[in-house]
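Per-chain numbering from 1; labels A, B, C and D assigned in written order.
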Amino acid sequence: MQAAVLSNAKMETFEKLESAVRSYSRGWPTVFEKAKGYKIWDIDGKEYIDFFAGAGALNYGHNNDEMQEKLIEYIKNDGILHSLDMGTTPRKKFLEAFQEIILTPRNLDYKVMFPGPTGTNSVESALKIARKVTGRDTVISFTNAFHGMTIGSLSVTGNSFKRHGAGIPLHHSVSMPFDEYVEDQDSIAYIERFLEDSGSGVALPAAIILETVQGEGGINAARMEWLRKIERICRRFNILLIVDDVQAGCGRTGTFFSFEPAGINPDVVCLSKSIGGAGLPMALTLIKPEYDQWGPGEHNGTFRGNNLAFIAATEALNNWKSDTFSNEIKRKAALLKTRITEIIQAYPELKGEARGRGLMQGIATCGEGLASEICAESFKRGLIVETSGPKDEVVKFLPPLIIDEEGLKNGLSILEESINHVLSK
Amino acid sequence: MQAAVLSNAKMETFEKLESAVRSYSRGWPTVFEKAKGYKIWDIDGKEYIDFFAGAGALNYGHNNDEMQEKLIEYIKNDGILHSLDMGTTPRKKFLEAFQEIILTPRNLDYKVMFPGPTGTNSVESALKIARKVTGRDTVISFTNAFHGMTIGSLSVTGNSFKRHGAGIPLHHSVSMPFDEYVEDQDSIAYIERFLEDSGSGVALPAAIILETVQGEGGINAARMEWLRKIERICRRFNILLIVDDVQAGCGRTGTFFSFEPAGINPDVVCLSKSIGGAGLPMALTLIKPEYDQWGPGEHNGTFRGNNLAFIAATEALNNWKSDTFSNEIKRKAALLKTRITEIIQAYPELKGEARGRGLMQGIATCGEGLASEICAESFKRGLIVETSGPKDEVVKFLPPLIIDEEGLKNGLSILEESINHVLSK
Amino acid sequence: MQAAVLSNAKMETFEKLESAVRSYSRGWPTVFEKAKGYKIWDIDGKEYIDFFAGAGALNYGHNNDEMQEKLIEYIKNDGILHSLDMGTTPRKKFLEAFQEIILTPRNLDYKVMFPGPTGTNSVESALKIARKVTGRDTVISFTNAFHGMTIGSLSVTGNSFKRHGAGIPLHHSVSMPFDEYVEDQDSIAYIERFLEDSGSGVALPAAIILETVQGEGGINAARMEWLRKIERICRRFNILLIVDDVQAGCGRTGTFFSFEPAGINPDVVCLSKSIGGAGLPMALTLIKPEYDQWGPGEHNGTFRGNNLAFIAATEALNNWKSDTFSNEIKRKAALLKTRITEIIQAYPELKGEARGRGLMQGIATCGEGLASEICAESFKRGLIVETSGPKDEVVKFLPPLIIDEEGLKNGLSILEESINHVLSK
Amino acid sequence: MQAAVLSNAKMETFEKLESAVRSYSRGWPTVFEKAKGYKIWDIDGKEYIDFFAGAGALNYGHNNDEMQEKLIEYIKNDGILHSLDMGTTPRKKFLEAFQEIILTPRNLDYKVMFPGPTGTNSVESALKIARKVTGRDTVISFTNAFHGMTIGSLSVTGNSFKRHGAGIPLHHSVSMPFDEYVEDQDSIAYIERFLEDSGSGVALPAAIILETVQGEGGINAARMEWLRKIERICRRFNILLIVDDVQAGCGRTGTFFSFEPAGINPDVVCLSKSIGGAGLPMALTLIKPEYDQWGPGEHNGTFRGNNLAFIAATEALNNWKSDTFSNEIKRKAALLKTRITEIIQAYPELKGEARGRGLMQGIATCGEGLASEICAESFKRGLIVETSGPKDEVVKFLPPLIIDEEGLKNGLSILEESINHVLSK
């Protein structure tokens, strides 16, 4: 969201002491204090419906009762909080639960790497291992991709403002057109030609990295057919396929992994955000056993053993023991899609376009600054909702997956009122 | 520590399910379960004295009572766990306490940036802002520096195994000799000549980044005079001085910032590890106001709002309200230095060399693999202690700062017995 | 052409003393001794028709009488042979003739730079000045482009074998699809979308560099309409347009500059090869006055003052004083095109495709190694002709522009016999 | 030399039509027309003594009678002028003469590569082959090195003005201190420490590239002992030693190769400038047979077959058939050294320092702009002499090796008068 000029006494501490880099506290200029499920309250007691969910880090909602209990119990018992990559009981239990509940039922065979507790750390480790096992340096990424803010991840990120922030040229990556990027043009044909032709100027890459639904890039959902074609290209040219499921994974699109409906089998998968269950820092890199060619400690980091996160994460996995959770998401996703379509039709001035799938949807607008205005108005009316896209032109909906129908409807009503208000000005 | 070949049934889960990159669980092949203060216990109830402290992330010891209470209370009250960089009560309180307890009394004026919860994230942000404000791309780092594992930080890290892991050449950095790097040679003369001479092949850098005591690089402590000369070079050539205080900061060397005794005033400071108080992921980048030229969101990340960490961090700052804590560290540091010197003298076969300052000390050994053997033997005898240095040749002591004299003595006794045992083989 | 295994006593010196990098002396294993016009003779007195013309460096044929006279006279008079970029009489005369005969009549306004006597040197200087005046680092080049073998030029060259030879990753360039590169896809649409979208991952470039007819890349001639669209993109985004006319310039396609029929006005033009008139090393970089922002000596080189080349070059310019020379080329080009078409129709097994324009044409073949076989057979029968293209799949015709009809017909007869022979095997 | 503001009618063509990059025609603002031996005349008939020799490209003087005859004869006989890397008679003869006269008597075993006709081309090819055979990417170069202006060569060049001209950051190189670079510091100790220590941040390089006497960098002559130590380092770490003998080779320092007195045996040698005998563009890369691992055409270029240069080059080699030529150079070098020393003593205001060896000597001055003023004054008085060094602080003497005692003395008299004049102002 573009930085609003709103300011008030409440925010003085942040304005005075914090770096100018702060961003969300500008668009939502209040001090938040409490949260439960899909609701959040500020210090004035004002209630907000959360359609943002920590940018996808709170799929299971705020302060889930069971997680709270487990965390408190663990702390009370002097459980180890910090452990790097030492063996601990919570790490062991998480590994076993992840294998049993997630990997085995999906016929997926991955070694689990704890790369440091952030999404960008997972991406950096994925790029490293792909380069190591192939001996190649180039990585193909896509237009409007977002993979993180450290130099390795930034080099495969599309946004020019973020890239420019690096202060150095970013290399070893080639940006290819995402699905349906150029009107009436076939991105697959383009990619294949570049890879087939030894004179194309594009080296055979170590990996192709992609998000199945681009979150920051504007809620661009690739078609399943396109994902399968990309996988086929990877197999044909012996390129590793990395799916960055940091935002779209952990159920966001309806299945645990966002790529399940495509039936593809990535070589490396990056998970973070909601993998920690309660919003606590955690990340995983899943690597096919044949590619798990790391030397001990070749990639490391201090916070690979966030045991509180392991505990909440293990609790969260219970949601995936049956199909119920997944089916619920799909039902709510359909409801969301219907309402979005209605809103777009009701407000033709928006020139709105429905985007996304699962509970990762959005409305692309056309006017400069329009989406930001809608989000700012929504905030005033009690809805936390964010923009995305290269020009902040998309209103993005990422409600907690556990939101109930009422919450979803109420949130969308606030949104509609806000749109109405903004367009009436 | 070099990966030991030890293996046992307890470790089966990790061996089977976790990536080959795991490292500490090889050298300390057990499952840890509980910890308090400077002690830690595994699932068999075996007790260990902790001379490792989460690689410096647990300066305040494990499971401090006050922190536990505050964390539990916060969770019980549905406090917001995850908040990106939104305003929250714990973030506000931390900012105010940090200003009041740490910055103001030291006459330091910094804007506080939350760059993502890891040290490498702080370093990446420091490099970015230095490049942005100077418009230059090169950064001078030092031999045996360690700044992190993401590509930006890795490019200013010395270790060739880690660098090689990048899979790509690392650029925009120049490695200069750290204090006393080459025998009888003056690193300052060398650096100045390179910067003065327009034909030197070394571009005027955006920044010089350094650790005052190199932790991973072998517990190399720069002399205060050297630090002052480096600062003078920075001022003379308008180069930003970045101190990476991720490991040496937060009291590790006796003062809150490791550079305080030198009387220098860095332009940017990186903090992580123990800043989170209880070992929870957190990091800060401190930037002089005149250099805080970020655009909103120009560097961001999902886990910049780890409120549990803010709560423990704020509690931890209380230790710095008076000089008591600092004086205690210095007293124990002297004790540690004395015992290290005795051990070196008692075992001339070690060809030992005392390294470091504060509670960040070490014994450099000469034999290939000797330090690793000592650490492995210490583990068997109930002491957690790690190696560092380019050849893992240094036994490194990083006890929690809150360790009492008895704990320190007992740990050192185990160490001495282990040395004796290893040398007698 | 692929290295043939032919070898004989004549070649012993080269095989024994010269580096393995030698290439043409493998495909044409003889020692050449004499040349005149479009003919060349080896030490055995065998005559060859030259359809190669020094890879385009001998547009005016071998040993033009007037040039010979002028060169001899100059040497006899102790004229200065080597002069760096000092003022000399031949340099002065060349500058004046180039202005009067070439630039002024075409309404072109360029400052003339002598960048060192090779094409790659001209390209390197063009890239430097484009980066300097725009302050940007990226350059867009095209699939199957060839711009030279030094690192700067290689980074904008498409061929993977050549690029790989760099031994380092090549950066600061983005390879875009040349005209009609991917079947049924519009390269202009792709390029525009990448440049319009701030999330595309492609930075605004300093320059677009192109050959209007790609020589080494397979005799791919861009359509005039495509060239105009590229120029329009450059103007819209304030990108410099660099035309590398090293091979296609100096009349090769029928006009002095290859881009004249498109009516475009490049910001920088690279010339070499035939600019030296007689095959002597020389190169020019033409720069619009507003972009000629060099500091004195910012790009330099020892052989920028090859006065023998200036003399032959000035003599060669006389060909352009009227339209006669240009019209002759076009007439012969039409004849060449007709014969190529006939040959393709006569030999359907070739699956031949006619390529190119002017006296820069070729036949693309489909079989692996077929074009190389045809060239090898042609050599035996007295025709010097080369392959090009990423798989050496194109038989390339670059006869001297001064060739007469008889020479052209005889050469093509030898070619046809060679095709017939190869296909009959 | 700094660009002087002198201007006159004679120079109008250059000022109007040539690029601002022109440099020597600013410092020596006249039009040169004729030259013989060590003398050169401008269009006004003014005579100059040449202490510049085409920046070392005219070691054998201007317009040697025998070379003129051979060139004229070859042209008259329709000899092939341009031949890429095809076999030709002059190429064959040159290869044989170079083997017999230069390599064999010196017990040197090299394959001869023709890399394109310029020094930078030779350096680019040397870097490529070193990277290819070692599989490493870093190259160690030295402070104040000059290796050329194309991106590969520029990356191992020290001068910041030249480097900045690249417009992109230059990588894959590490600049180490040349012999006696930092007062009282031992550059060998530094280099060895960086290479021994796996934590130094400097990767094991593919090659070390050096000039034995740095020409552009200020006439810095390495001691023989230092060269031997560098060679020992190369052998110890399996690093290729590349000697760039473009300026210091071909007899400039008294022996054909400048490294002969050190008794070292480089793996790759770059030659250009005077290798062409008469100042015609030509270059060689000499590669030990075991490292000549090129694929055919992996490095190429249009002007690798400058047959006029081969003819003059072969003629020039005759000078090396006995010791006479070499002994003559040494005698004149001693004379030059004596006179330089006298001048320095006679003019203490210069704070002069004698530099260099052979006929590659200089006087380092201290005042800003002083050396440039001396050169400008010398030009007025009939002496062509140039500055070098990072601040143009050195007056550099590169007379043709064939100069006689009288010429040397007369030139030095003019120099002394010019110094006297400048200091008296």
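In this text, a contact is a pair of C-beta atoms (placed from the backbone, for glycine too) under 8 Å apart; a residue touches a chain by one contact, two chains touch by 3 or more.
None of the values given here were measured: they were computed from a predicted structure.
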What are the chains that chain A and chain B both touch? C, D
Higher number of C-beta pairs in contact (B-C or C-D) found for C-D
Based on mean C-alpha positions, I'd like to know which chain lies farthest from chain D. A
For chain B and chain C, what's the span in angstrom between their mean Cα positions? 58
Averaged over CA atoms, how far is the centre of chain A from the centre of chain C? Could you give it in whole Å? 49
Calculate how many whole Å lie between the centre of chain C and the centre of chain D, each centre taken as the average of the chain's C-alpha atoms. 30
Shared-contact residues (touching 2 or more other chains) in chain B: 137, 161, 168-169, 171-172
Residues of chain B touching chain D in their complex? 137-138, 141-145, 156-161, 163, 169, 171-175, 177, 181-186, 189-190, 193-194, 197-204, 217-218, 389-391
Note: in the complex, chain D contacts chain A through residues 168-169
Contact residues on chain D for chain C in the complex? 3, 10-11, 13-14, 17-26, 28-36, 40, 43, 54-58, 62-63, 68, 71-72, 75-89, 91-92, 95-96, 98-99, 111-114, 116-121, 124-125, 127-128, 130-132, 137, 148-153, 155, 161-162, 165-168, 171-172, 206, 246, 272-273, 278-281, 285, 287, 292-303, 306, 308
